[in-house]
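Chains: A, B, C and D, in written order; residue numbering restarts at 1 for each.
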Amino acid sequence: MSAIFDVRNLKRTFGGLAVTNDVSLSMAPGDRVALIGPNGAGKTTFVNLVTGNLLPNSGSVALGGEDVTRLGPTERVRRGLVRSFQVTRLFSEMTPEEHVALAILQREGRTGRMFASHRAMPDVMDEVHALLARLGIAHLARHRVSEIAYGQQRLLELALALALKPRVLLLDEPAAGVPQSDTARIEQAIADLPADLAVLMIEHDMDLVFRFARRVVVLAAGEIIFDGSPDAVTKDARVRQAYLGSYADARSVA
Amino acid sequence: MQTVFSIGVDALAYGMVLFVISIGLSVTMGLMRVVNLAHGAFAMIGGYIASYAARDLGLAYAVAVMLAVVGTILIAIPVERLLYHRIYGQPELTQVLMTIGITFCVIGIANYVFGPTLKTIPTPDSLREPVSLGFRTVSAHRLFVIACGTAVALGLWYFIERTAFGVKLRASVDNAAMAAALGVKTEVVYAVSFAVAVGLAAFGGVVGAELLPIEPYYALRYMVTFLVVVSVGGAGSIPGALAACLLLGAIDTTGRYLMPEFGEFFFYLAVIAIVWIFPRGLAGRAK
Amino acid sequence: MKHVAIAALAAVLMGGVAHADTIKVGVVGPFSGPFALQGKNFKAGIDAYMALNGNTVGDDTIEVIYRDIPTADPAQSKALSQELVVKEGVQYLAGFYFTPDAMAATPLLEQANVPMVVMNAATSAIVTKSPYVVRTSFTTWQTSTPIAKVAFDGGTRKVISVVSDYGPGVDAEAAFKAGFEAAGGEIVEAIRMPLQTNDFSPIMQRIKDSGAEGVFAFLPSGPTTLGFVKAFNENGLKAGGVKFFAPGDLTQESDLPALGEAALGLTTTFHYAVSHDSAENKKFVEAAGKAIGNPAELSFPAVGAYDGMHVIYKMIEATGGAQDAAKAVEAVKGLSWESPRGPVTIDAESRHITQNIYLREVAKADDGTYYNKEVQTFEKQGDPGLAAAK
Amino acid sequence: MMALTMNTGTLSTARDRRARLTRDAIGVLVILAVAVLGYLLFPNNLALLTRITAIALLVLSLDLVTGYCGVATLGHAALFGAGAYGAGIAAAHFGITDPIAMLAVGVVAGALAGLVSGAVVLRAHGLPQLVLSIAIIHLAHEAANKASGWTGGSDGLAGIMPDAVFGLWQFDLWGRTAYVFGIVLLIAAFVVLRQIVRSPFGMLCRGIKQDPLRVRAMGASVHGTLIRMYAISGAVAGAGGALNAISTQVVGLDSLSFTLSAEALVMLVLGGTGSLYGALIGTLSFLWFEDVVSAANPFHWLTIVGALLIAVVLFAPKGLYGSLAALIERRGRKGR
């Protein structure tokens, strides 16, 4: 199958220090890839380069065969590259229903409409409720986000990403900060992601990585040092070196 | 050529006056994160005290300046405890509302107590003499203001960057909760910073009074100017404020010399241009 | 409440009731804000007149109602004037410090059957806006024209004009230019500065560079005047022999204590000096000084207001308290009286005040205070501004 | 399962719509009731009430960018002044004296001014943004002062003589026509704005106010959205300016002043940002209070207004309406 997401030789330096160095990564629809790496490996920079919040010094990013290296974040989202945030970024004064409706309307290019409430659009409302129900937070549809629990906010974050109908989804530590009791729900939601979606998960929690990923990519000191199956990763000498060595080498670059 | 030098001297002097008056505001806005529109009101209170001390009581200029600074701080302490205390960390618009309210009250009270006329602060003869610079004469007072500006800039820089208190202040600004956990009494730090800012306002009000004369409407008349130079410089940055004052002073002075008819345009177009290029101010820090 | 309102409305509609018990005068002026001092002078002038002449005319009691407009705001002026006429039922509108405020209210006069007595606003054209406008102050043209003659007669041939860039400033520039060029002098340059100018040093440099022998200046009274005069001294222009000419707004008495020594020797022409030597003025200064509280705050708007009240009293006398704007205005056309500033007449045609304009010099009194010393009189000056506009 | 959700979705849509319409109708009725009450209680003060109406449009317009989009501005009077001068110049120089046409000119001029100032102001955030807006209002003020041939400069633009509305109702001394004209305009603006703030577009704006980065991550353009809101805001402010020009028949430089901008912001914060009712209540209470205290004591009223502002911050930190709404919500929850 052809690559839906194709990063080639991405490089970005800060003051002479290469934080992302010659990184290449390709995904096909339906891929489940986990990106791991010790602290300061350059994961955040990589995400920012991919989403378009940072421009690379060299290299390219392609989505579905189209080169998007020079496009801004919003353009990439419109082409199907969607991310979730490590720390929830939600509109605290708005309800889950409004969040998801906004994402759906944005996907359909209807957010410019000024004279109809989303509640008067049955097609949108149906999709909103279906999506919220799928993630098990339909009962909270009309509560303010500031009033709902963090675990449920993470689910909403996921709903928001799904509402945009992505082709490639970047999940930045989807279960970070969620109490143990709620992680099962989130994991279930991740397991239920559409089969044809290419998912790249950035994660620390190795248990989660092993349950989710069919392929693991290890980033260390700005370079990809491993790209292979979950079984092979723990046995790889360079990976072991990178993780254990990171305690000796305290360079802070991310 | 002589004209260029001459304009240069005027620009420097004007920029320094702006700096001396505005730097206190930079402290409140940048370090304490309070949009203090009442800054001019405190400068004005300082001016009134100095005027009363020097003109009506006949005290020496230096004494009058000291009294103004101390008196203004004394007046400001209860205001800080009762009012400012409530708006630390509040949304900016709430702070605007509160500090405009305070400004209105101060104007009203000044008008009632001192009357609406201009108040001068008699300067000692030594500051009134014109001083010859070779190519032109300039009033000694202008040189005095330039010296004051330099002293304030250095002193404040030392205070914030080199003293133990400065460390506590910067820690409290960056992360109040963390600083408190480390044993910094943030309440005290804020109160002291506020006193410093108010004292600087009063000091600026007094030494700048030759250019910006003291009258009840002072508090609002120059509010915009103060706000503009501080924001252009990047709130909280002493070098930024200094650069902004000198730059805007130079643009303003040159503009008013070359095309006085469009003086206002020069100044504000320059402001837009600077902010356009430096959207966080000249020395702006990332939020 | 509603009945009273309707009655008042009816009264206005029917052209007023003869022998009303109370006749209300609505005064609009800057009583707070940056020009509060000038508004305070309005009140002092009015209070002084009523203290000296009583608060009754015939059987009628006069009541003054004040409304505040801190800075020029024509829309607010019109709203307040309308409110005064319709709600408070005033028979006379008076005050008006700023030209736009006066202009904005003129369209009301005919419909409301109310005369307007302008106590300050100094643009010539106001009196042409409505036949019911009478002015007891001055116009910028009126006070700025004689100084051109003074400058030329004093031997100055090249003058640079420096004015604030707003209506009165432009008027002053035009008046001086007309007078000075007619006499044979030359305006080497005409600069208009923004109203918001804090540092005048660059302007002084311009004056120096222009090679003019004298400078004609006009700025609104208050902090800018102080800055301008100080800069004039500090930049060595005064010492360098550059002559200074201005209408008297610049050296208004309430600014003199602040100007102090810097103003010493400045020559201005104006219609009124607090120091004017006459019995009428002594009486006025005493009463107005008492009314204002601090006599040092007294300046020209007070005399405009004082004479304005005189005109209003005469109008009430003529109409017997009935609301009849046409009759009231007719009655004061050509009216002459001895004002604190000297002999004055309401010109029958323009309804503007004809008065003496004095050349004054700032001098130091024996007690160390500064005052405008009248040194020359230009008698019976009309308003050249109206003629110039035609 | 799917059918069920769809069913409830459609049902709730219909119910929501009714509830919304009812709430809007109540809002309009309240404004109307206050307007009629004002007319009956102060029949001799309609000029003031009309002025309040015009300023209310300015404050509503400010609420759109500040309350709904989080843009800090102290230069919003530029939009109001553009409308006022637009309508005034159309009448005084081009003979367009039909009030509806003048209003249209004002709306267009305001929207254009909104586009221009939006393009500049949105360049920065926070304090620098505030400063850009201050620069804009001062430049606009100076430009109007300079172009005295068109604007009358500091003397004000006079000679605006609007025709009767629809050829039927003349603008009279008591200001009845102007008042009714203003109230109709205000209600129309209110109804339209209620639609807009609730629409997907309005929701997007609220999202931008809370987290622009998140909005970008959803693929929406922050800048483009805000510019559009600025244009709408300009149209509303322009309508207010035009109303002012029509009702007072004069336009002064004050309508392009920093003071008016700052006052509008004070009124908005006083009432409570982010709600159209807050804007209306803020305007009404501030101007009414100012009128009462300045009439009671024209010399020292500023102190009392200052004290009021301080008191509001201390006792109603979310603004008059915002705090009231919060109180009612708390009560409601306790009751439940």
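The rule we apply is simple: contacts are C-beta pairs under 8 Å (C-beta built on N, C-alpha and C of every residue); 3 or more make two chains touch, one makes a residue touch a chain.
Not measured: the values here are computed from a predicted model.
Undergrad: On a CA-centroid basis, which chain has its centre farthest from chain D's?
TA: The chain farthest from chain D, judged by C-alpha centres, is A.
Undergrad: Just give me the whole-number Å value for how far the CA centre of chain A lies from that of chain D.
TA: About 41 Å, centre to centre.
Undergrad: Where the CA atoms of chain C average out and where those of chain D average out, how many Å apart are those spots?
TA: One centre to the other, that is 37 Å.
Undergrad: Quick one: report the Å distance separating chain B from chain D, using the average Cα coordinate of each chain.
TA: Those two chain centres are 33 Å apart.
Undergrad: How big is the gap, in whole Å, between where the Cα atoms of chain A centre and where those of chain B centre?
TA: 48
Undergrad: Send over the residues of chain C in touch with two or more other chains.
TA: 32-33, 36, 40, 165, 194
Undergrad: Among all residues of chain A, which ones touch two or more of the remaining chains?
TA: There are none in chain A.
Undergrad: Got the chain B residues that touch at least 2 other chains?
TA: Residues 108, 111, 261, 264 of chain B each touch two or more of the other chains.
Undergrad: Could you list each pair of chains that touch one another?
TA: Chains touch in the following pairs: A-D, B-C, B-D, C-D.
Undergrad: Contact residues on chain C for chain D in the complex?
TA: Of all residues in chain C, those touching chain D are 2, 5, 8-9, 31-33, 36, 39-40, 43, 66-68, 71-76, 78-80, 82-83, 85-87, 99-100, 103-104, 107-108, 111-112, 123, 129, 165-167, 170, 194.
Undergrad: What residues on chain B touch chain D, complex-wise?
TA: The contact residues of chain B facing chain D are 29, 35, 83, 86-87, 90, 92-94, 96-98, 100-109, 111-112, 224, 227-228, 230-232, 235, 261-262, 264-265, 268-269, 271-272, 275-276, 278-281, 284, 287.
Undergrad: In their complex, what parts of chain B are in touch with chain C?
TA: Against chain C, the touching part of chain B is residues 3, 6-7, 10, 13-14, 17, 108, 111, 115-120, 130, 136-139, 141-142, 210-213, 215-218, 220-222, 225, 252-254, 256-257, 260-261, 263-264.
Undergrad: Which residues, counting only chain C, touch chain B once they are in their complex?
TA: My answer: residues 32-34, 36-37, 40, 165, 191-194, 196-199, 201-203, 205-206, 209, 222-223, 226-227, 230, 234-236, 239, 254-255, 257-258, 260, 293-294, 296-297.
Undergrad: Could you list, by residue number, the parts of chain D that touch chain A in their complex?
TA: 1-2, 5-6, 8-10, 12-13, 16-17, 20, 195-196, 198-204, 206-207, 210-211, 213-214, 216-221, 225, 228, 232
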